[in-house]
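Order of writing sets the labels: A, B, C and D. Residues in every chain begin at 1.
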Amino acid sequence: MNNLLILIECQDGVGLVANITRILALHQLNIIAMREFVDESENKFFTRIACSGIVEDEAILEQELLRILLKEAKVTVVAKSEKNIAVLVTKEFHCLADLLVRNHFKTLGATVKCVVGNHQTLKEFAEKLNVPFFFVNHEDKNRDLFEQEINNLLATYQLDYIVLAKFMRILSPSFINQYPNKIINIHHSFLPAFIGASPYKQAFHRGVKIIGATAHFVTNHLDEGPIISQQTVHVNHTFNAKEMAIAGREIEKGVLSKALEQVLEDRVFVSGNKTIVFE
Amino acid sequence: MNNLLILIECQDGVGLVANITRILALHQLNIIAMREFVDESENKFFTRIACSGIVEDEAILEQELLRILLKEAKVTVVAKSEKNIAVLVTKEFHCLADLLVRNHFKTLGATVKCVVGNHQTLKEFAEKLNVPFFFVNHEDKNRDLFEQEINNLLATYQLDYIVLAKFMRILSPSFINQYPNKIINIHHSFLPAFIGASPYKQAFHRGVKIIGATAHFVTNHLDEGPIISQQTVHVNHTFNAKEMAIAGREIEKGVLSKALEQVLEDRVFVSGNKTIVFE
Amino acid sequence: MNNLLILIECQDGVGLVANITRILALHQLNIIAMREFVDESENKFFTRIACSGIVEDEAILEQELLRILLKEAKVTVVAKSEKNIAVLVTKEFHCLADLLVRNHFKTLGATVKCVVGNHQTLKEFAEKLNVPFFFVNHEDKNRDLFEQEINNLLATYQLDYIVLAKFMRILSPSFINQYPNKIINIHHSFLPAFIGASPYKQAFHRGVKIIGATAHFVTNHLDEGPIISQQTVHVNHTFNAKEMAIAGREIEKGVLSKALEQVLEDRVFVSGNKTIVFE
Amino acid sequence: MNNLLILIECQDGVGLVANITRILALHQLNIIAMREFVDESENKFFTRIACSGIVEDEAILEQELLRILLKEAKVTVVAKSEKNIAVLVTKEFHCLADLLVRNHFKTLGATVKCVVGNHQTLKEFAEKLNVPFFFVNHEDKNRDLFEQEINNLLATYQLDYIVLAKFMRILSPSFINQYPNKIINIHHSFLPAFIGASPYKQAFHRGVKIIGATAHFVTNHLDEGPIISQQTVHVNHTFNAKEMAIAGREIEKGVLSKALEQVLEDRVFVSGNKTIVFE
């Protein structure tokens, strides 16, 4: 008996839950866990239903559900999830290592198909853990060409998500638009504070008593995409910018891994510029 | 248009959610928020459904729901909740004051009908905030008589919950059995560590680096009832037992208020010796 | 045998600690706890030394210490600290109540001499707890006059600090300049995020997963003064702006009380636009 | 100009700081950071002083300091710290991987000389990251022999600390006594709760709302040695014991790495059954 995941986004209305769960009951599907949310500002209904039971053809179930739902509904029945990701990096190891260790021990919930770096720093480590590493130099070419090379590499895999694990280049809108809600970035501040470059230097100069990290989907607006997860940690007057960066590593890797886990378990929906996370 | 809360506990089975939500749809009730949980070890289903809509007679809706549910189901339809509580105290002010301030400014979600103390210390404060205070001395009598006096006082109110806000006397089983899952205690440790007397002294002698507080329902087994909420805070080698107690006050009052809020909003179910908290 | 607190700020140099502690040893003062910090960017040395022992004349000890210190040194010997504060409020009760409860039970570390409000909302509560409340209406007058009235009230007390406990008016530079590093504000965001009005609305629209609170000294630059303490709490997609504000209350009152405690215990030094907090 | 670390433990007395810092000033050593603590119950003084300056012979400075200190003083002058550790493991990867990744990227503050496992599970991973792995089977022999084999392996290295990174065998007193305050264990609960085997199962059955992890020095009393660092994380009714264990991994690896970092930076002193941690 398999587990099934049913993901629905549609316009809100009376009787939605009854109609949806009636269909599931007709298929003898037993609801294990169900979460729903209505975004009132957008009048949209979101649900994630985990069931146990057998469905011969997921496409038929999807069609049955679409038939009873209000307009522009989006239904996904996930029978089994084997997701693939690529990771883009620069020089910092901590986020990549956390992902590759989980990948190595099969606790990531996805397979890391490749790592792409604009420096060679992390090549040896990735390869030690049997993940292909591609070096794409950004120095001798314009951004279009740089991104084209990355795109060509990524195109050779069936990727579900692209993770920017401390990738320190800004991607162009034309690159980002190819992967809507599919690129996840870790920013080393509690957004919206300290947008842009050198957030720890900014934090040091402001004299803050907490620093943070934010995992978010990447949109055309730098550091302004839908936030998936955030975490903070206390610092004090004895921390300089470099020591803040070291303290920040722990929450950066934690928050990125947690956000990715939630995304890979299909717990994250995007509504406007916000996320709904059914933890 | 009123808000309605539907609380259900019953044996688990296929189609439960469909059957329940169909009844609600027939009444034109719109589900605003729904949470459910199956305790697999007990094969029990729990749900809390917040709806908007109008029901003329809640008892009829309860009957309709009971008819479609599996054996020994418990259904409660809450149209409007005006709850009453009593608070038992000894000498420490911080938890009581937090509750009485919320009571005064009408953000508690209940009315504090009275405070009962086995010392007079907090009488003046309670009365300043217009809450009756009753002094019941424990010194000159046996526990039965002491508890009988308290019972007589409490019996004059229609109480939903009794809160032990740093009440430092142990209540007898016969007292507790009168109020199953209705007495909420704050214990000044992260249970099950440091059960019993002087947890901060125990914590100091053990040299712990975190201290905690636990809000729980009171059962016959001292400090072993179902836990509702817990919180911890870091300490270090510079804290003696008294300083730990001072640091602990902040989380004690926070965790008690949070637990009480969840109980008063009907978010807490008891299953065996555990709680389900639909936050 | 009294406890003595010695606070020193001066230019940094070799042998400072030896020279200072030699003077203390000559007075037979026993060091209980000593904290020091060198702000390298400003080449400034800060220390807070708690001693036990007896000093007949604190002024003489101050002079002896000044003689051995480098230029522009600032030395304060605190034999006994009985501080007075005033609290400015608007309508929200939670921060004020937390302070007044501590004041009532003598655990604040200072006496609240008066509360000044630009609304009458909190008058009854303050007076119940025996603290004078002065209503200064801002509606029928310009800011100069409004602040003049407040100043006249404050001038009747010997105040050490002025606490803005959710006081929703912006104070003028001329007002602020009278009380350098003496006005403490609670801002309802993790600064520097969400400066200015309605931070919870800003937080809601940005879709953040944490909200925060910041206690800081007030300077001429709105919400940009030296930060004393910050705290954050997790929220999720189910929180609207109002619910964020309610969740924020708990950390606002906690962070303000903690910051004030540290200030009142002379643990906070200001260096440039930052604080040094010897916790 | 090197950095120097001076660590002192001795009986408490008046003038200690003055006497110590005078010696340092005579050597033209500039104090960068100084922390001290008096354990009043044991009348013991502890200090950690970070200096900048040059000392030709650390032994001479130690002698000079010992001469002015009270009886049974312990003085250590650390000019440069290159520490070596061994890690003992069973099957779980998360703590070991965190240490080996830091080791690989030279941010651990020590060199992992070898990993010893009573299962082969982690052999491949350790070797990929160029750390020797020794398999010592516990199944076919008594504990004395098992420990003797481990001892023989460890004896081939100059080890400063032995880290038990989820090593699931109980070590004998005779083994432990060879390494006083040199063996660091991670226990998967907030001690003293859930001592012994299967703390997550214990936590699940108790229905706690927080789980924790504790790093401590190992003594003859199981899970009762001096605590170095602790951390907790919230769980709820939806977590079974296995899911608690997964959630616990994050804090286990975090708290072990943090404790080890503090130990390796000579910030941790042991006083009786407690630690002093100069963070």
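Simple rule for what comes next: contacts are C-beta pairs under 8 Å (C-beta built on N, C-alpha and C of every residue); 3 or more make two chains touch, one makes a residue touch a chain.
Bear in mind that the values here come from a model prediction, so they are computed numbers and not experimental data.
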item: Equivalent interface positions on chain A and chain D, same or different at half; value: same
item: Longest centre-to-centre distance from chain C, chain (CA-based); value: A
item: A-C or A-B - the one linked by more C-beta pairs in contact; value: A-C
item: Centre-to-centre distance between chain B and chain A (centres being mean Cα positions), rounded to whole Å; value: 37
item: Centroid distance [mean C-alpha coordinates] between chain C and chain A, Å; value: 41
item: Numbers and ranges of chain C residues touching at least 2 other chains; value: 33, 37, 238
item: Footprint of chain D on chain A - complex, ascending; value: 33, 93-94, 97-98, 101, 104-105, 107, 125, 128-129, 238, 246, 250, 254
item: Chain C residues within the chain D interface of the complex; value: 14-19, 21-22, 24-25, 28-38
item: Residues of chain B that touch chain D when the two form their complex; value: 37, 39, 190-194, 206-210, 212, 226-232, 236-238, 271, 273-277, 279
